[in-house]
Amino acid sequence: VMPVAQVGAGSFVVPGSEAAHLGQCVEPTEQMRRNHMVFIRHQRDDTVHGGIRGTKHSLAGCVACHVAYDDRHRPIPIMADGQFCHACHAYTAVTLDCFQCHAAVPIDDPAALARYAAHGDHPVGVDGYREGEER
Amino acid sequence: MKRIIYREWRIEPGRYWGLLAILSSVVAIGGLAALYTFQQGHWITGMTNSVVWATPHVFAVFLIIAASGALNLATIGTVFGKGAYKPLGRLSGLLAVALLMGGLLVLVLDLGRPDRLIVAMTHYNFRSIFAWNIFLYTGFLILVIAYLWTMAERKGNRYMKPVGVFAMFWRLALTTGTGSIFGFLVARDAYETAILAPMFVIMSFAYGLAIFLLVLMFTFREEGRPIGGTIMRRLSSLLGLFVAAILYFTLVYHLTKVYGAQHYGLVSWILRDGGAYTAFFWFGWVLVGGLMPLGILFHPTLAGDRRWIAAACGLVVTGGLSAMVVIIIGSQAYPMPMFPGHTILESGFFDGVGGAAASYRPAVSEILLGVGGVAVALLITAVGVRVLQFLPESLADEIVDPHVQTARA
Amino acid sequence: MAKADFQVPELQPYAEIPPLQPGTMSHSKPFVAKQEFQAPLGYPGELVDGWERKAIDKMGELLGKYRSLRVYLDSCVKCGSCTDKCHYYLGTKDPNNMPVGRQDLMRKVYRRHFTLAGRLFPKLVGASDFTREVLDEWYSYFHQCSQCRRCSVFCPYGIDTAEISMAAREIMDSIGVGQKYCNEIIGKVYKIGNNLGLPGPALKDTLEGLEEDVFDDTGVSVRYPIDEEGAEILLVTPSADFFAEPHVDGLIGYGKVFHEAGVSWTLSSHASEAANFGLFIGSYDNMRRIAQRIREAAIQLKVKRIVFGECGHAWRVAYSFLNTLAGPWDFLDPRYPVPQHICEFTHDLIRQGRLRFDKSRNDDMVLTFHDSCNVARASRMGERAGGQFEIPRAIIRATCNHFFDMEEETIRDRTFCCGGGGGLLTDDLMELRVKGAMPRIQALNNVIKEKGVTHMAAICAICKSQFTKVLPYYGMEMDQIVSLHQLVSNAIILTGQETGDEEDDEEAEGVSTEAA
Amino acid sequence: MNDRDDATDTGRRRFLGAATGVAAAVLAPGVFLYTSATATPRSEAVTSATRWGMLIDTAKCADGCSACVDACDRENGLTFQPQPEGADDTRWANQQAVWIRKVRLQDDLTGRITNVPMLCQHCEHPPCVDVCPTGASFKRADGVVLVDRHTCIGCRYCMMACPYKARSFIHAKVEHQLTRAPRGKGCVESCTFCVHRLDHGDISTACADACAAEGHQAIVFGDLRDPDSDLNKALRAQPNRQIREDLKLNTGVRYAGI
Amino acid sequence: MSFLSGFYASLFYLAVVVLILGLINKTIQYARAPAPLKIPTTPAPTTRAGVVLRMAREVVFFESLFKGNKWIWIFGWIFHFGLFLVTLRHLRYFLDPVPALIAFIQPFGIYGGMAMVLGLVGLWARRVLVDRVRFITSASDHLMLLLLVMIGVSGLSMTYVVHTDIVALKNFFIGLYSFQVNPLPSDPLLLIHLFLVALLMIIFPYSKLLHAPGMFFSPSRNQVDNPREKRHVAPWADRLEQREL
């Protein structure tokens, strides 16, 4: 249950995420609150059909910036309980199926990878990811 | 002209609700099966990347073409002005709607993402036969409902003929369209042929009529309404005619495959080497769905016995499902002709190594879903005849045939 | 064809919903009751001073007494479902005869005086004061409702216009504007015991005459007793049954059935009337007073069961209200429902195979059946819902070879009223009665044309009287309406009666299996 | 909700466990290329000025090699789909997604053996696109045939229509995804010509790179419209054909040596 | 607290009080008025359970209306069913946490909204086109339809055209439970929507919308058809009897 009084603009941004250090989302926060689904849907069609990979409204971009990290700098899936997307979406009962397909952590996002590399405790890449799996 | 009186189906509440309860539970079980598949994914079914349409599609396609065929009787009555068939028009329309709904529901619930139904309704690719079929189906529903309205509402009576003619063409387009779903699949030997469309049309006549007759006889018997011998004879010989036509088309189909397209492989596979599919063809499609009903319907004594007629209808339905199994599943199981003149030794993707057919075994959930669709159709019919006036009060000879004297002789 | 100084509607092969013609029936009013007819019922003899206030007060009182009135006046959403359901609207095209139009005559006054919206914004919600014009409208149109409840079948909230016209009549009575026909008749019941004012000795005479006729006819002496103390069954039947055609043929039939059943029965001169006109004027008190007479007769004659003869609204009051108005009936035989309908009685015997019929005796008729509205929509027969439709039909099928129903939309609970119910069976409303009968007669006409029907059976004294009078306006014969028990009477084979031929036995066998 | 989080958690643990000791150097090549200074993500829509295509020289395709298949699996995360508990092994094998496969053929007359890697042929007139009811199957202006999995309803009509059996239906839940290749249950998918690479300016595919890395060089990828591309050079150099040429689909993938 | 938030907060407090007190008042009035006689429209169920079933069919399927007029039924039913779905969807603004069932049903509410408006338009058309219905229609009937259409259209515009800040909105309403006025997003559509809704709540107990509770009290529908078996006497009628004895 949400502590009612505290919920102002920007208050869903999770501490520890990149966003937490920044003052502005890709659009004004008021706009993002109302229209983020429009932006990403628009971006989606541009990307899938036109091959445009501008990152401004990309879902991968959202994840990369808004994802939170645990104490070992490991990303916490953005749709996990209480995390950025989930917090609002549970509050407003909007189910998202995006993360059935999309990575909820920035696994192979280059910027994120670079950052993990800097911390030295990152899983490093796709090959590492694959090993534990069996076909 | 004497008017035909229609009355709501008024069997005892106990029996009626019992019937509804049975149908609803079958529907519910089918629904649960669909939910389970949706939640788990299709791995729990027998379907694979080689056999992608299977048992649910057998039921769905069968129901859809039967729907179109069920409307046949209404058309004969209004468009061709055969008075004797007029009283059957309303039930014929209702069944058409009900069967179509049942079939579509199965089709939709078998989608990988049934939750995106709205996408299907808002995004159309007009080059796709399938998308056209969505229009054909919804159009069909609307048309038949309009048609029913013209039959039931006196203000609409005068539009009955034009709407009926339109509905008839639409219906033919619908079956042709359904047939073309397969007919345009150049990829597969079994399908790519123009004869599939007319064959589907004639099949639809037979299956629709068989189901119609079963429903008619059941509802009339339960409530003690009379069906005269004349109409019974006409309908059953009509059924016989359609069944014979199916057999004829089956023959032509295989001949075109052999002579026209030179697909010896496919033909000999279905006729001889196809294992279960060969059995479905000879035993189900030809014997049970063709020769046996023909034997009954043109038999000098059996043809007069209602129980035998009902049995013949049942056989036609069974045969129809078998035909669908052969057409839909069999043709996918048979390997794709990717490399003519070569034998596949190995493949990372079941390409028919050594010419082997893909295997498929239906899962219970698929069958439950299909049967659920049938139950939906029957449920709609049962509710329809109860709340609205679909069934003529009597089909006794003197009512149906205007030349016979009225009751008060 | 009977002469009329108004236009008799033309019968159509199909039912049409006519376009509105406002005001076509505003002139129709029954005679107003004078002092002499008002007083015995406890109503003022003429319009009282300050009637507007008094009427509103009365309305308030009724709103507190009848949940139906309160809920119905609030709930209507003007959906229009009922608008084409009233036979008076269909026959007269007057929008005030649409059920909701009729209700609105009262609703506008209700809204003005009893709702916030009506007090604040009368125009907006169509509210109005109770003016002289409104009172005139009330008198006119609340006497164009036969209280048949057809509208309530189709209303999503079951709003029953009959309840509203009853309340309106009660309000009007209370301010001295009563209707002569009903109030005079109620007065007669109080004074003499029945609507027609037939005194006891006259009844006795008639019944003796009947016994002779039946004996002449059949060679069996069937009894038609009256005021016999200690009989098992008290038969309460509408007084028309004592002499008028075709009613009396029904009474003959009841007697034959009782005879065959071997039970003792009696009529009562104190309660020689089944009909209860208190219902029509919406007066609980008067209805109760009339009903009490039956209790008194039952106690006095020491009977064990009460059976009602063929009458529609009488059966409504008997079935639905008698227990409330004159109960409890703990002194009667608890094995039987109180009261029973004669059809239930006959049907039970048929089911048990205790009656034998020669159906061919009714072969000169092809029958259809008119479901009387009060039986169809306000009461029941037998144990199961809908028995009121099945039981009479079962009796007809058991006694006749040729039977066809009219169109489905015009029978069973959707039946059309004969046009004469609800206290309108008076000659001063002839135009209304003829026009209001149109839908029913139209449906009848269609089965006549298509199925060769010759006669229509009914189980209501008002229907029978109304049709006898009205059929000729439509070019039909008055004797095309028959009593249901007339058919029973024709076909029944009395024990000891000379039978015509050997087939009879076989026929009777067939019948009992069919009815079972 | 909980199930899913648990699953994700275990996934992450495995992911971390496998990580230790692996150096940054083994990062998949494509990943690095994204960020390389020359390649910028595309900011304008693709046009028909290019048409991507491929030549596969079956003569060079080695027996026993599966590098291209493995590379594709890895590039697109096809391995992140664990076999559901209780699934029948053989059937599951046929229910799993395969974007590229090797088919070993024997000529009925000569007995010659050929290895044919099969993938989506990126047809110019793709039957899969024609039949798709929602338009989810589509051909990009640059000739890449894709499934827009946001509008795919999983009807599988495209699979019925594809003459090359190039498509797979996702029969079960996908446990993990890569950011560059989202995929999930209930949709149909097939080879994308590694479109994420193309859009980031990296003109390569994982399979071609892998084949080259193995030293076989059986796969050449490139622009069919560019007369100077390696692809066109290779096409000119060698007789080549399309599989099922009779259907006149004008495939983007050509084969030499069959 | 901004003026706007304060105004809407007071408006909704008022509306809720009027709605609830008004409905309680009416319900008591209906419940206390006795039904002295048995007047179910027959054929009627002979048992209590049967009556519950009959009522359920009336409420869920509008059975009588179906018998009466198919067009009104179709539009009326579409409207009410749409309204029902919309109501379920709207619960997400007022409940925290949102029950799983509501979360599941919630997306269908959008289609419910469209259905609702469609149904209303159909109903309105008949008020204009059918002479009988035009005759019985008063200004208030039109206004009621107008009100509901406007609520629906403003809502749909928020869903499709100009989105609003749902989180802040929900905060506003949740805050009202504990008498705390949180800022309400000041999008014009939302303000219109909410104002009209408050108006609807206020007139509900004073208008024909009483058909909703009225339906359950209608004696011709809710009575058991058993007068012969069970004596039914209203208190005031009973007093009449006592007086006589």
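Residue numbering begins at 1 within each chain, and the chains themselves are lettered A, B, C, D and E in the order written.
Just so it is clear, a contact is a pair of C-beta atoms (placed from the backbone, for glycine too) under 8 Å apart; a residue touches a chain by one contact, two chains touch by 3 or more.
What you are looking at is a predicted structure, and each value in this text was computed from that prediction instead of being measured.
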- Note on the structure: Shared touching partners of subunit A and subunit B are D
- Task: Would you mind telling me which chain pair, A-D or A-E, is linked by more contacting C-beta pairs?
- Result: A-D
- Query: Which one of the chains is farthest from subunit A, going by Cα centres?
  - Reply: C
- Please name the chain that ends up farthest from subunit B once chain centres are defined by their CA atoms averaged. C
- Task: Compute the distance, rounded to whole Å, between the mean C-alpha positions of subunit A and subunit D.
- Result: 27
- Item | Centre-of-Cα separation between subunit E and subunit A, whole angstrom | 42
- Query: What whole-number Å value describes the gap between the mean CA coordinates of subunit B and subunit C?
  - Reply: 52
- Query: Quick one: subunit C and subunit D, Cα centre-to-centre, how many Å?
  - Reply: 84
- Query: Out of subunit A, which residues touch more than one other chain, so two or more?
  - Reply: 97
- What are the residues of subunit B that contact at least two other chains? none
- How would one label the connectivity among the chains shown: line, ring, star, complete, or other? ring
- Item | Cyclic chain order when read starting with subunit C and heading to subunit E | C, E, A, D, B
- Task: Would you tell me which residues of subunit A are touching subunit D in their complex?
- Result: 44, 46-55, 60, 63, 74, 77, 80-81, 97, 100-111, 113-114, 117, 122-135
- Message: With touch defined as at the start, can you tell me which subunit C residues reach subunit E in the complex?
- Response: 17, 19-20, 22, 63-68, 70-72, 74-85, 95, 98, 100-101, 104, 115-117, 121, 123-126, 149, 152-160, 163, 284-285, 288, 319-324, 327-328, 337-339, 376-380, 383-386, 388-389, 413-414
- Note on the structure: In the complex, the residues of subunit D that touch subunit A are 1, 5, 8, 12, 14-19, 22-24, 26-28, 31-32, 34-35, 41-46, 73-75, 77, 79-80, 82, 138, 140, 142, 146, 148-150, 173-174, 176-180, 182-185, 187, 195-196, 198-200
- Task: Flag every residue of subunit E that touches subunit C in the complex, lowest number first.
- Result: 26, 29-30, 33-39, 41-46, 50, 58, 62, 64-65, 67-69, 72, 76, 126, 130-133, 135-141, 143, 203, 206-208, 210-211, 214-215, 217-221, 225, 227-234, 236-237, 240
- Message: Applying the document's contact rule, which stretches of subunit E touch subunit A when the two form their complex?
- Response: 92, 96-98, 102-104, 106-107, 163-168, 170-171, 174-175, 178, 180, 182
